[in-house]
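Listed next: structures, encoded as C-alpha cells.
One chain, subunit A, links the two complexes that follow: it is found with subunit B in the first and with subunit C in the second.
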Partner chain A sequence: MARREPSTAGEAAAGAAPRAARLGEALNRLARRLPLHVSVIGLAAIWSIPTIALLVSSFRDPGLVVTSGWWNAVKDPFEFTFGNYETVLERQGMARSFVNSLIITVPSTMLVILVAAMAAYAFAWMKFPFRNALFLVVVGLLVVPLQMTLIPVLQLYVNLNDWFGFLGNDMPLLGGRLFGTNSYAGIWAAHTAFGLPFAVYLLRNFFGGLPRDLFESAYLDGASDLRVFFRIVLPLSMPAIAALAIFQFLWVWNDLLIALILLGDPDRAPMTLTITNLVSSFGTAYQLLTAAAFISMALPLLVFFALQRYFVQGILAGAVKG
Partner chain B sequence: MATVTFERVTKRFSQDSPLAVTDFSLEIPDKEFLVLVGPSGSGKSTVLRLLAGLEEITEGKIFIGERLVNNIAAKDRDIAMVFQSYAPYPHMSVYDNLAFGLSLRNVAKEEIRGRVEDAAQILGIKELLKRKPRALSGGQRQRVALGRAIVRDPAVFLLDEPLSNLDAKLRVQTRAEISKLHQRLGTTFMYVTHDQVEAMTMATRIAVLDRGLLQQVGTPQELYERPRNIFVAGFIGSPAMNFFDASVNGSGGGMELETKQFTVPFPDKRKKELAPYIGKTVVLGIRPENIHDREFQPGGLRAGYVKATVDVTEMMGNEAILYLLVDDKQFLARVDPRTRARPGQPLELALDLDAMHAFDGETQLAIGG
Partner chain C sequence: MIGRRWFVPWLWLAPALVLLGIFLVYPTVDTIRRSFQDEKSHGFVGLDNYRFIVDNPQPLVSDTHVALLNNLMWLTVFTAITVALGLIIAVLTARVRYEAVAKSAIFIPMAISFVAAAVIWKFMYEFNSDIGTVNAVVTSAGGDATRWLQDTGAPQTPITDAGPDTLPNPIQVNNFALVFVGVWMWTGFAVVVLSAGLKGISTEILEAARVDGANEWQIFWRIIIPNLSPTIVVVATTLVIQALKKFDLVWVMTAGRFETDVVATLFFKEFFLRGDFGVGAALAVVLLLWVVPVMVISIRRFQFQEETR
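Up next, the complex of A and B:
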C-alpha cells in the first residue's frame, strides 16, 4: 500500500515570492470548477426544497398555513409556533409512536446484521455442501417482491396467533402477544426476513474480498471459525456493516406496508402508521401533518449525518470486490 | 522439534483438473532447513499448504514426528506459517498480532508478555509493538510475520516466499537473518521459493519441483555438481547452464562429442558412461563458469576449444558475463574480468571438459553422474 508523505518541507521552501502565482493558480482552478460547483449546489437546493418547505410549514400558525405559501414565512407576519408539535406529540400520540418506531427498528436492524454477517461468513469462507447453490437461492430471493409474500405471511401469523393463544395477549416486554400479528416479535421477524437477502449478499461480497491469507493465518494461529468471525472479520468489516445498518434502519423506520398489515393496533403503531391515520382523519390540517412528518424524519437525518462517512465508504466497499 | 515425512502424497484440486502434486515422497529430518524450489505452478506452495493443513490431501500420508496428520486440523498440527503477504491482522497492534495465537491457546497473560517481548527482541521490533501494521514498512511487516511464528514455538516452521515482496537489498539482508534464526531456534524449517539463489544460500537441503513432480533432493552442492536431469541442471545455478545437442562419435580410444557448433574430445573418466551412446544424440551441458577466455584459462585445465562471436558483454568487476554466438546458438560464459572480449569480435574459449555434464536426449536424465 502506498504511503502518503507529508509535503510540508516543499511548501515551506516555496516562500513568499511565488505566493501571487499560487493565488492565480487557485483562482484559475476555482474558475474551471465553477460550473461543477454551481450545478451541484443547484441540484442539492432543488432536492432540499420539499424538506425545507416541510420544516417551515410545521412551525407556522395553522391559520397562515392554509392561507399563504410557506415561502411567505419570511415576510410579515413573522411568527412561528411550537404548537403544532405539541399537538401531534401529545394529543395525536406521536410521542408513543416514536417510541414504537424505535422498538420496532432497533431490534430489526440488529437481528439482520447478526444473522446476515454469520451467514455471509459461512458463504464466503466455510466449506460445506451446496454452498454456492444455497447462496444462489438467497440472492434469488432478492427478486421476490415483498408484496407477494404478505398474504402467506399474514395467514401464517394468524395461525401462530392461535397456537400461541394460550399465552394470553399481554406479554409485558413484548408489548402484547408473544408472536404473530400485533406483536413486536412478529414484526421483528418479518423485517429481518425481508432484509436478509440483500444483507447476506452485500456482506458476503465484502467478506469475500478480505484476503485469504488473513483467515489461513488465523486458523494456523488456532482460531475457530467463531473466533475468526468475531476477532478478525467483524472488526475489519465495520464500514460495510455500518452501511448496512444505515440502510436497514432507514428501511424499517420508513416502512408503512408491513406495519400496516401485521401491526394494526394503534398502541403499537410506528410513526408511519400514525401519520397515515392523521392524513385520513385531518386531511387538511397541513400544519399537523408537516410537524408529524418532520418528527419522523428527524432521527434518520441524525443517523445519516452521524454515519455518512461509513455510508459512502460502505457502498463502495461492497461493490468493488466480489 | 520434529521430523516431517511425506509418503506418496498426491493432490488434485478437482475431479477433472490435472494433479497439482504427484506421488511426492520426502523425509525432512529434525532441525533441517529444507527449501522447496521450482518455477511458478510447480506445486511447491501446494506441498507446503498440504503440510500446514490448509489443503486436503487427495492420496498419501503426511507425518509430523510420529503423528499422522492427514486428518488433524491445521491449528492442531503445531505448525506456524509465514505468508508471502505477511498477512498481519490490520486492526491489531504489533503486540496483539504476536499475542493472538498464544491468547487463543489460553497461555497466561504474563507468559504471553514474556514470549512476545523475547520474539520482538530477537527480531529487533521492540519499539514497534504499539504500532498498527499499516504504519510499518515492508521489512518491518515481514518481521512481524516472523515474530508471530516465533512466539508460538512450533514444531515446524513454514515460510511461503517470505522475501519476494522485499526490495533487493533488504532481501539479501533478511536471507541471512532467517538463516540465523533457523540456527537459533533449532526448529525444522520448510521454505518455499522460486528463487534458486535463496534456495542455494539458505538450505540444508533443496527439493526441486517441476509440474508437481519432485525432480531431485539434495544439498545445494550436490544439486549444483550432480543434477539428476536437464530441468534441475538448468534451474540451479545462475546464469543457467548452457545446453547443446550433441552426438557421440568415435570408437576405441578417441571418442568425441560433436555439436552443430563445435566438436570436443571428452574426458577419459566419462568414456565408460558414454560408450553406450555412441552414434546417438545426447545433451551436453556446461555451466557459464566452466567456460573460460582462452587467454586467461587456469593452468592445468583440460579444455576443448571453441571459437565464438561476442554478442554482449556484462562487466561485473570481479567477473565478466559474455553472451556468445556460434552460428545462431547463443550461450553464456563467465570469464576473467581482464578479458579483451568486445561485442562483435571473435573470441576463443576454453571449455572445461571435466566439468561437462551429459544428459540422455530422450529421458532427460543425467548420464552417469
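Up next, the complex of A and C:
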C-alpha cells in the first residue's frame, strides 16, 4: 500500500497537465470551428424561419396577426387559438378540398407506378427495334413545358364531353363526370402521363441494374413475363418504387396548374386551388391564409419526414446515376 | 423468356406510349402548328407570331421583351445562386455532427407547394414592417421598408405611345425577391445531390492534400470543385430546366404584374386570358427551343453512362 501512494500521486500530477492541455485544445478547436457552426446554424435558421412564421401565425388571434409580428407571439398576450383552422376547414371548404386532394393524388400515384414499371421492364429486359431511340424520346419529353400541352388536352376533353354527353354519365360515389373536363378520371390520366417521363427513366435505370442471372434462371425455369414482373422485379425494386411514389405524390399534391385548367369546379378543387382562391379573396387575412397553407403542407411534411431516406434516394437515382 | 413473340414488348409499352402520345407528343406538335397560325388557329400566317415576340409591338399589354429578359435573369441568377449556395452548404454541413438535422431544415421547402410557399413569402415580404419579417429586419437595421414584390427598381419614366420610354430592366428588386423564393425552395435539392457527390470523393485524396500542406481553401478549389464538376453539371441542368419552365411561383405571387412576367406566365396570359393562340403558341415554342440544348446535353450524358456501365 505504502509503495503505491507515490505512484497514484504521481499519476494525478502527471494527469493534470495533459487534461489542462486537452481542455485548452478543445477550446481552441471550438474557437476555430465557431464560424463554421455559426454559418451552418445561421443558414438552417434562415431557411426555417419562413415556415415557423407560418405555423405560429396560423394559431394566433385574427386581430393580432395583422397588427403585431409573429415574433411577438411568445411575449404579450400569450394566447393561441384553433379558430383559424375551424374557419378555413368549415366555412372555406378546406375539409372538402383536403379530401379532393387525396382523391386526385392517390390514384394518380398508383397509376404512374404501374404504367411506368411495365414500360421500364420492357425497356430494361426485352429486345425490340428502336428500343434505345424510343427510350431517349421518352426521356426527352421530361423538358416539355407543361403549359404548352394544356390547350390541346383541354380541347380533347371538351370534345370527349360532347361526344359522350348523351351518356349523362355520373361517377359513382365521387360525383362529377366519368371523364373529360371536371372529372377525376381526366385529371388522373393527365397527372399519370405528365409523371411518366421521370418515372420510366428512374425505374428503367433501377431495373437495368438488377442482376442478369436472376432473370435468365427464371426464364429458363419457364417463368412468364408477368410472373417475373410481379414476383422478381417489383419486390426487388421497392426502394426505387418508394422514391418514385413520394415524388409523384408530392408533385400531384402540390400541383396548381393542371387542376386550374382541367378541374374548374370548386366542389372538386384540390387544396392548392382553394388556397389560390382564398389569396385572391382574402388578400391579407394572414391568419386564414397561413392556416390553410399549413393544412396543405401537413401531409407532405409528414410523408417527407417519415420517408426522407427514400426521398433522397429518389433524387440521387434521378439525378446522379441517370 | 427468350422466345418472346414480336408484339409482346409493345403490349408492355402500350399504356405508357398511348398516354405520352395523347398528353405530351400530340400537344407539342399541335402547339408548333398553332404558332404559325392566326390567333384563333385558322389560317396560316407564317412567322408573324414570332415577329410579334421579337418586335414587341404592345409592351403595355404583353411585354415580350420583359418576359424574355426575366427568363434569362431567372436562368442565370437563380441557377448560379442555388448551385453556389448548395455547394457551400454541402461542404459546410459535411464538417459538423448535426449534418442530418441541418440538411433537413434546408430541404423542407422542397416538400411545400408553390402555392403554400407563395402564402409564406407574401407574409414574409409584407410592406408593413410591424408584421412583415423581412421589412422588420430591414427597418430595425436602420433601413427603409420596401415593397419587395412591387418595386421594379427602375425610375418612373413617361409613357409614350410605344409604351414606357425605357428598356426593360431585369435587375429589379421584385425579380430578385421572387428569385430568392425559388432559391429557398431548390437549395435543398442542390445540397442533397452535391453532398452525395462530395461523399464520393475519396478521403485518401483529401488526406494526401492535407499532408502536403494544402489549406482548406486550396482543397476546395483544387480538389473538391474539379472532382465534383460532373455532379455540378447535373444539378445545374436540372435547375436550368426549372428556371425556364418557372410558372407557379410567379403566377401566385405577382401574376406577372410589376414587370415580373416570364415566358411561361406571358404564354398563359396570351392563351387563356387574351385568347391569342398564335402568339401564345409561339411563346411556348420559344420556351421549348431554349430547353432543347439542355435536353441534348442530358441525353449525351445518359448515352455516355450507358456505354461505360
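As a convention for this text, the second predicted complex is superposed on the first by the 268 of 322 C-alpha atoms of A that agree within 3 Å, B and C clash if a C-alpha of one lies under 4 Å from a C-alpha of the other, contacts with A are read in each partner's own complex, and residues count from 1 in each chain.
What we mean here is this: a residue touches a chain if its C-beta (ideal position, glycine included) is under 8 Å from a C-beta of that chain, and two chains touch if they have at least 3 such contacts.
Everything numeric in this text was worked out from a predicted model, so none of it was measured.
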> Looking at the overlay on subunit A, is there a clash between subunit B and subunit C, or do the two fit?
Replying inline: fit
>> With both structures fitted on chain A, tell me whether subunit B or subunit C touches more of subunit A's residues.
In response: C
> A:219 contacts which: subunit B (first), subunit C (second), both, neither?
Replying inline: both
> Just subunit B (first), just subunit C (second), both, or neither: which does A:128 touch?
Replying inline: second
> Touching A:307 in the superposition: subunit B (first), subunit C (second), both, neither?
Replying inline: neither
> Once the shared chain is lined up, is A:193 touching subunit B (first), subunit C (second), both, or neither of them?
Replying inline: second
> Should A:286 be classified as contacting the first partner (subunit B), the second (subunit C), both, or neither?
Replying inline: second
> Which partner does A:110 reach: the first (subunit B), the second (subunit C), both, or neither?
Replying inline: neither
> Tell me, in angstrom, the smallest C-alpha to C-alpha distance between subunit B and subunit C in the overlaid model?
Replying inline: 5
> Following superposition on chain A, which residues of subunit A contact subunit B and also contact subunit C?
Replying inline: 219, 223-224
> How about subunit B: which of its residues touch subunit A in the complex?
Replying inline: 52-54, 73-75, 79-81, 83-87, 89-91, 100-101, 104-105, 134, 148, 152
>> So in the complex, the part of subunit A that touches subunit B is made up of which residues?
In response: 1, 211, 213-214, 216-224, 227, 231-232, 235-236
> Where on subunit A is subunit C touching in the complex?
Replying inline: 33, 36-37, 39-41, 43-45, 47-51, 53-54, 57, 65-71, 115-116, 118-119, 121-123, 126-128, 131-132, 134, 136, 138-153, 156, 189-190, 192-194, 196-197, 200, 219, 223-225, 228, 250, 253-257, 261, 272, 275-276, 279, 284, 286, 289-290, 292-294, 296-297, 300-301, 303-305, 308, 312, 315-316, 319-322
> Which subunit C residues qualify as touching subunit A in the complex?
Replying inline: 1-2, 4, 6, 8-10, 12-13, 15-17, 19-20, 22-28, 30-31, 34, 89, 92-93, 95-96, 98, 101-102, 104-116, 118-124, 126, 130-133, 136, 184, 187, 189, 192-193, 196-197, 231, 234-235, 238, 241, 244-245, 247-248, 251-252, 264, 267-268, 271-272, 277, 280-281, 284-285, 287-288, 291-292, 294-295, 298-299, 302-303, 305-306
